[in-house]
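Dropping a structure here in structure tokens format, bear with me for questions.
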Amino acid sequence: MTLEVTLAHRQGDFDLDVQFQTPPGVTVFFGPSGSGKTTLVNAIAGLLRPQRGRVVADGWVLVDTGAKHFLPPHRRRLGYVFQEGRLFPHLSVRQNLAYGRWFNPGQSPGEFDRVVELLGIGHLLARRPGALSGGEKQRVAIGRALLAAPKLILADEPLAALDEARKEEILPYFERLRDEVAVPIVYVSHSSFEVARLATTVVALRHGRVVALGPPEQVLGDVAAVGPRGAASVLSVRVVAHHADGLSELTCGAGTLWLPRVPEPPGTTLRVRIAAQEVILSRARPQGLSALNILVGTVEDIQKGRGPGALVALRIGRDRLLARVTGRSIRAMGLEPGQTCHAIVKSVAVAPEDVGTTTSPAHAG
Amino acid sequence: ADVLVFAAASLTDALDRVATAWSEETANRAILSFAGSSALARQIQQGAPADIFISASVEWMDAVEASGDIRAGTRRDLLANTLVLIAHGRDVSPVTIDETLDLAGMLGDERLAMALVEAVPAGIYGKAALTALGLWDDVAPLVAQADNVRAALAFVARNEAPLGIVYATEAVVEDNVTIIANFPPGTHAPIILPAAMTAESQSPAAEAFLAYLSSPNAREIWAEFGFIVLD
Amino acid sequence: MWEAAANWLGPAEWQAVRLSLRVSFWATVASLPLGIFVAYALARWSFPGKQLLNGLVHLPLILPPVVTGYLLLIAFGRRGFIGQYLEAWFGIVLSFRWTGAAVAAAVMAFPLMVRAIRLAIEAVDPKLEAAAGTLGAPPAWVFVTVTLPLILPGIVAGAILAFAKAIGEFGATITFVSNIPGQTQTMPSAIYAFLQVPGGGEAAGRLVIVAIVIAMAALFLSEFIARRVAKRVAGG
Amino acid sequence: MWEAAANWLGPAEWQAVRLSLRVSFWATVASLPLGIFVAYALARWSFPGKQLLNGLVHLPLILPPVVTGYLLLIAFGRRGFIGQYLEAWFGIVLSFRWTGAAVAAAVMAFPLMVRAIRLAIEAVDPKLEAAAGTLGAPPAWVFVTVTLPLILPGIVAGAILAFAKAIGEFGATITFVSNIPGQTQTMPSAIYAFLQVPGGGEAAGRLVIVAIVIAMAALFLSEFIARRVAKRVAGG
Amino acid sequence: MTLEVTLAHRQGDFDLDVQFQTPPGVTVFFGPSGSGKTTLVNAIAGLLRPQRGRVVADGWVLVDTGAKHFLPPHRRRLGYVFQEGRLFPHLSVRQNLAYGRWFNPGQSPGEFDRVVELLGIGHLLARRPGALSGGEKQRVAIGRALLAAPKLILADEPLAALDEARKEEILPYFERLRDEVAVPIVYVSHSSFEVARLATTVVALRHGRVVALGPPEQVLGDVAAVGPRGAASVLSVRVVAHHADGLSELTCGAGTLWLPRVPEPPGTTLRVRIAAQEVILSRARPQGLSALNILVGTVEDIQKGRGPGALVALRIGRDRLLARVTGRSIRAMGLEPGQTCHAIVKSVAVAPEDVGTTTSPAHAG
């Protein structure tokens, strides 16, 4: 599904004015608090009638103020995970989860159990939302949206209230929706982990305007859009083999990566987010380190930031790897564009949440 | 001086005229409070500041007298009224009320409008008359009882009920009804409206007003409204 | 003992009690759907004539009951401008029937019912209704599955208020449908009749006690229902 | 034109209109604090006799107005078991004064007021009150700064309902304080008096129209206030 | 302030049963969703009347069911940041912020402006909460609690809805409250960053029970309590000098650390969280790397986890530094306890949020 959004809407002092088009997959809205992410999602959901604009999902016109067309929310076949839960207080968890099924009966019966298990809410089914903890509420809200058999999932910071372990369990489910079920997803997040992991396309927002738009490897490498500490590279890698000591061997453009075992079978193409600040550079080939991954590349460019750090981009085969190092190191090492350089990446520094399955073909290019 | 008069609601328009005439003649003022006799009587028993009480029923005057709330020697039977049978419409031929009248037949499956037959004087008198004539048992299931004579009159005036039993004083002023019979005097106890001064009356003009109610001027007004003035 | 209680009231009085219950029950139940609808329209929609509708609903509260009864008579009496068609087309006769008493009670109680339900609707967070919409529920369904359960305490409150009002309604009823034992003589009419005669106070008092007992029972029930609903919503 | 409007009603009728306004205003305003208190107690506290209090509050709704008026007369009349002490100790005389009419109207309207306010209180999230508590606000202050503003629409609704009811109240008033022009003859009593006179329908109709206009104005006002409050809470 | 908590409370299926005592400073409740964190905080706030138990703050008995003593919440002088905001919808943001001041007038007048500025909510003061975004609401909720001049701050995941940059701005404020104002703070968090940064004491909860308790360096090093990816060390360091290239020189037990400039003046003692997975080990002294920090220590012990990773503890002077490396690396390097080993830590890998001022003296030991 492609998503075409052109919107102009003013509420109070806040002015939303965006125009973008994204390819199928997961579109992540990324931006600081108050930048207009929820407003935008509401406009797509039909909960907000934009003053001017047009939203088209996969050729299906959801709203077009010019043509005085407005599809009411209940005809849009959504699964919206609200930022504030919005569970029905008078219904049990089970009834909340089943709510959307009335209108979309085409759901396979096993799906309910699968989602309940995934979210770890089986023991809560008989309760009412009033008796849930914050994180439990949010999990039920996710389940309710997923079980509506939606044609478009809208998730507004669905994982913010959850602990790392729980996030780790739920994220792959969104990936599967993206890749296997091919449900288009609009996802709001503050977390660059989640962005790298899920996004097909990132829409970076600030003050109601789009400040960057593109695949995560591009937007996350754009210091202007994500800030120096958010900078990361996303490498496309292929699983070669799984080894007995719990490591998986992967190959990327020009080298081998060793990561803690990934679940995908050999041959699968994955994407790996490597935070720029986790990469160590060395002119000479380093010896005897505990770090297993040493990739060789060419320095493509060096951006000095405002702080003590600098962002070094290495070209490694087809990929671009970013390393964030101090200016002092650059001087000490005499780094300059064109030089050959080794990048050291710890296996264990690549978190499972940094490894995701690749998205639709649109991305391969 | 002001005189506060508690009077039965059925006297409203006639007493208004009498009071106005009295004010014009004497420069005193009569303030009139109309309500059901029962409510007024109870209020007097509870110390209402009324000077004069004119009741639509002898019973309530008896009750007030028994509780010592009227001044001894001031009670008298002021007015009398008659009971009539009315029908909806202008040109309805009169009938004679006696034991042979097929009142139930005249009604068919429709209603005879009366005031409450156990509670409101007009209803009580009407029931007594019909009983005396032996007609009550037949018409009893067909009676629609209103909470006062005026409401009963309204049922007939709007043709919700074709026939009704009301006071003559009410019937004469309503355009949409015709009096088709007068109840013979012997069929019910005399319809008497007694008047008296209350025990606690402070007004110096109260006695004068009570007297004025039987004055020639007042008599003229009472008669105009269909009342019979007693003495 | 039971028999003693039964004999405590005469058969005519029992008849009035039974009739009052029937009249009040139907007045409440039959006007409830309309009451909910009107309350919803007033709470959530904006349309021309909204204030007029609001005023109309409140009219029976403002007018002396006798006036309301008289207006009902003019409108719904056998010769009334609506009543005659009701009879001609649907065979429905209200005047001098218990159904007419129910209509009078319903009309008098309507503003109370609508107000209570309307307040409850206004307290429902529209965001929950919106959430139901995003899950595919069309507006009518949202109303039935989300709004309605959430306003249940308000509906119960409104209905009980209306029922209580109907139990006590007198002026409009007697003016519209008079006082026919077994047909339209409700408890208040009977009480009124007793109060008109000297010494009738005791009999009236007995009926007053019955009215109080009935209304208290209804109130207890409504409290009980409202508490259960509130507890369910709070969780558990 | 203004004068024509003024002459449309006679001086006695204007007197009734003014009296009705005064009676209804004071009946509403004076009973409001007690109404809020009782509503709060019923909504949030549990105490022995709560159901009794609840029943007592609703009594005027259930009883025929005549009975309520009669009970008021017995209790608050000059010779009543409360009234005599009120007069002896405080010099307060209610019977056959406009103050008595106000008491009758207040008593009759009280259940409506309490119900509306209570519903509003029950809709306030106790979590907000708890939050105010954690910030150091003692319960009374929490009530004034959090609960009260949030239930304002309910209070307005309840007060206007009570005012409208007071404007239309007749049975209890006439039974308690009679129908004395200038003292206790409110609009409904005057309408009643007109209806006793053949041909008085027109004059009664004029007063009915005045009553409707007054009540509509009150309703408009309440809608307006409620909308403003709701808008403020919604944000902006 | 010491906090003494003994509580037993059952709600539905959930059974809270805890007993602990914590020293002055920040007590962080850490644990997965549904573990009882909010329930515990509510019991301390007095919003929950525990079935059995006793809570004593600094000798002040807040509740003691045994003695039938229960101090109502408004007498506890709290500043509670609720997990769900709970702003007063009918009050403007300004009035919400000022709410607590009515009851605690002892606040300096400049404080209001300071907090408003810190939270970036100056432009929102005239609005009502209904017109705020999710993150804005949460910021106002934080401000409201801070401005109540509390004697005890309770913060239930106050930063979960905020982006990294905003977190970064707000965290130091909590530190200042802890260190300068010495307000005791009870803080609920899922994030081990926040834990390391703020906590004087961590109470790790699971299923309503305390599973670990102690200073963050201990609890965060406890894989059982925080999971392998949460493991981190916390080093005490002293600021030596700030250099012109934007780096600060710090000294820790046995070596020099270079970090992106920290705001504290030379002489200050800081604590630095170093995630175990960001440390690279080398037997020989590494040369020519972009990483500036190379610390020498002795291997103290090696814990093999279930996965491919292992946790190596180095003794470096007085501190213990954890490194998470793969089992394969350990074999390749032949690492064993007692050996000398170099630890490589990137300057820029230590995020500003990993550097905090030290807490009260209780911690020096």
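A, B, C, D and E label the chains in the order they appear, each numbered from 1.
The rule is simple: a contact is a pair of C-beta atoms (placed from the backbone, for glycine too) under 8 Å apart; a residue touches a chain by one contact, two chains touch by 3 or more.
Keep in mind that what you see is a predicted model, and the values were worked out from it rather than measured.
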Least step count from chain B to chain D, where 1 means the two chains touch: 1
Separation of chain A from chain B, taking each centre as the mean of its C-alpha atoms, in whole Å: 90
For chain C paired with chain E, centre-to-centre distance based on mean C-alpha positions, whole Å: 60
Intercentroid distance (Cα basis), chain E paired with chain A, Å: 26
Residue numbers of chain C (touch at least two other chains): 66, 70, 192, 195, 236
For chain E, residues contacting two or more additional chains: 12, 84, 127, 131
Touching two or more other chains - residues of chain B: none
Chain-to-chain touches, reported pairwise for every pair that qualifies: A-C, A-E, B-C, B-D, C-D, D-E
In the complex, chain A residues that touch chain C: 45-47, 72-74, 76-80, 82, 86, 88-91, 99-100, 102-104, 127-132, 144-145, 148, 154
Footprint of chain C on chain B - complex, ascending: 36, 38, 41, 59-60, 62-63, 111, 113, 116, 118-120, 143-147, 151-152, 154-155, 158-160
Touching residues (chain side chain D, partner chain C) in the complex: 51, 54-55, 58-59, 61-67, 70, 111-112, 115-116, 118-120, 122-123, 153-154, 157, 161, 164-165, 167-168, 170-171, 187-188, 191-192, 195, 204, 208, 211-212, 214-216, 219-220, 223, 226, 230
Chain B partner contacts - residues on chain C that touch it in the complex: 66, 70, 73-74, 77-79, 95-96, 174-175, 177-180, 184-185, 189, 192-200
Residues of chain C touching chain A in the complex: 127-128, 130-139, 141-142, 145-146, 149-150, 229, 232-236
